[in-house]
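A, B, C, D, E and F label the chains in the order they appear, each numbered from 1.
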């Protein structure tokens, strides 16, 4: 499936932290460039996410702000 | 100002395209790693955004999905 | 690619309206149940979206409110 | 109150799962068509959400991606 | 309809600017406190939004960042 | 850092509630005008957020709906 999201950035999972319903997943996109994602615990289980997995961080362009 | 957003990723503007109310800005975060942002034209003007500017892409972790 | 988004809802494109940078796409998920999506014109072109296409509407659960 | 959100989809609550601060609510929009929503526990309490309730899933069009 | 969104803030429309598909609406929440909203032109028409209207700005808590 | 977000609203923290991974922070923008934000516990710690702090609520205009 190809997505309309302009940002589909490949990387590797470096951390998975589950809370009671929400989990935080960290993905390394380039050496030292880490993207943090908050997803449901259920999604972590469905995707079987674990450290070392090759994944993509997917972000809609309307969710990206610019700071200068 | 320090932000609660977990993702404040430094990069350089490589393209600015204004529409009638909404603009698209591309930021290179690492060689070949481009983030596309949709912001208001007004924000482009306020920040004086132009190609070559050092900026940060700011993304709330709840707006980052994972694909695997 | 499997997504962390909890909502990946199959449907059929019933309308595509492009603006100067942003397009609106309507997807019928069930008879009479229409989902409207705002995406970039660029995404419309990349996916070659047109009326009749089988697509999915993808929505992160944190972007869904409840009204009662 | 009428909303600017393009997607106000009527359905019925089929599950409510509360976490420590965030809850997941599932709404059936059509037979077999389930929408998952992450909202605050506080919202669940305020709306008195429970299985069987007639509700609407409310989604801004800029939060809907398309996959093809 | 009561909403799960934690932020339903009453105010008055002080400006409406339509683009080709997306409009910007400014709402004064308190003297000098302006909230800017980007919605579809279609929503502006559906709600018949015009300067002086009593409206509410509706924001999901997961879309609010904190800067300090 | 100046932000593209159209809404950077100054206020004062009136409550901080941490969950297992997600926290809720309430900010008073004007007398009686409260904005609720859901951010990561990690962000609360990084910013050292506590009641009484002068902060800003930061909201992208595309995340603001209008109700009328």
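A few remarks follow.
Rule of thumb we're sticking to: a contact is a pair of C-beta atoms (placed from the backbone, for glycine too) under 8 Å apart; a residue touches a chain by one contact, two chains touch by 3 or more.
This one's a predicted model, so the numbers in the text were calculated from it and none came from an experiment.
Equivalent interface to A-D within the set A-B, A-F or B-F: A-F (over half of contact pairs identical by residue number). Shared numbers divided by all numbers used gives the overlap of an interface; between subunit B and subunit C this overlap falls below half, so the copies present different residues. The greatest centre-to-centre gap from subunit E, using C-alpha centroids, is found for A. Chain centres were defined as the mean of their Cα atoms; on that basis the chain farthest from subunit B turns out to be D. When the CA atoms of subunit A are superposed on those of subunit F, the rotation angle is 120 degrees to the nearest 5. Between the Cα centres of subunit C and subunit E there is a gap of 23 Å.
Taking each chain's centre as the average of its CA atoms, subunit D and subunit E sit 21 Å apart. The distance from the centre of subunit C to the centre of subunit D, with each centre set as the mean of the Cα atoms, comes to 17 Å. The set of subunit F residues touching two or more other chains comprises 1-6, 19-20, 22, 24, 36-40, 42-43, 47, 56, 58, 60-63, 65-68. Across the whole structure, chains are in contact as follows: A-B, A-C, A-D, A-F, B-C, B-E, B-F, C-D, C-E, D-E, D-F, E-F.
Considering their complex, residues 17-20, 22-24, 36, 38, 62-63, 65-68 of subunit B touch subunit C.
In the complex of the two chains, the subunit E residues touching subunit D come out as 1-6, 37-40, 42-44, 46-47, 56, 58, 60-62.
Of all the residues in subunit E, the ones that touch subunit C in their complex are 1-5, 19-22, 40, 42, 60, 62. In the complex of the two chains, the subunit A residues touching subunit B come out as 3, 5-9, 24-25, 27, 29-30, 33, 35-39, 43, 47-49, 53-68.
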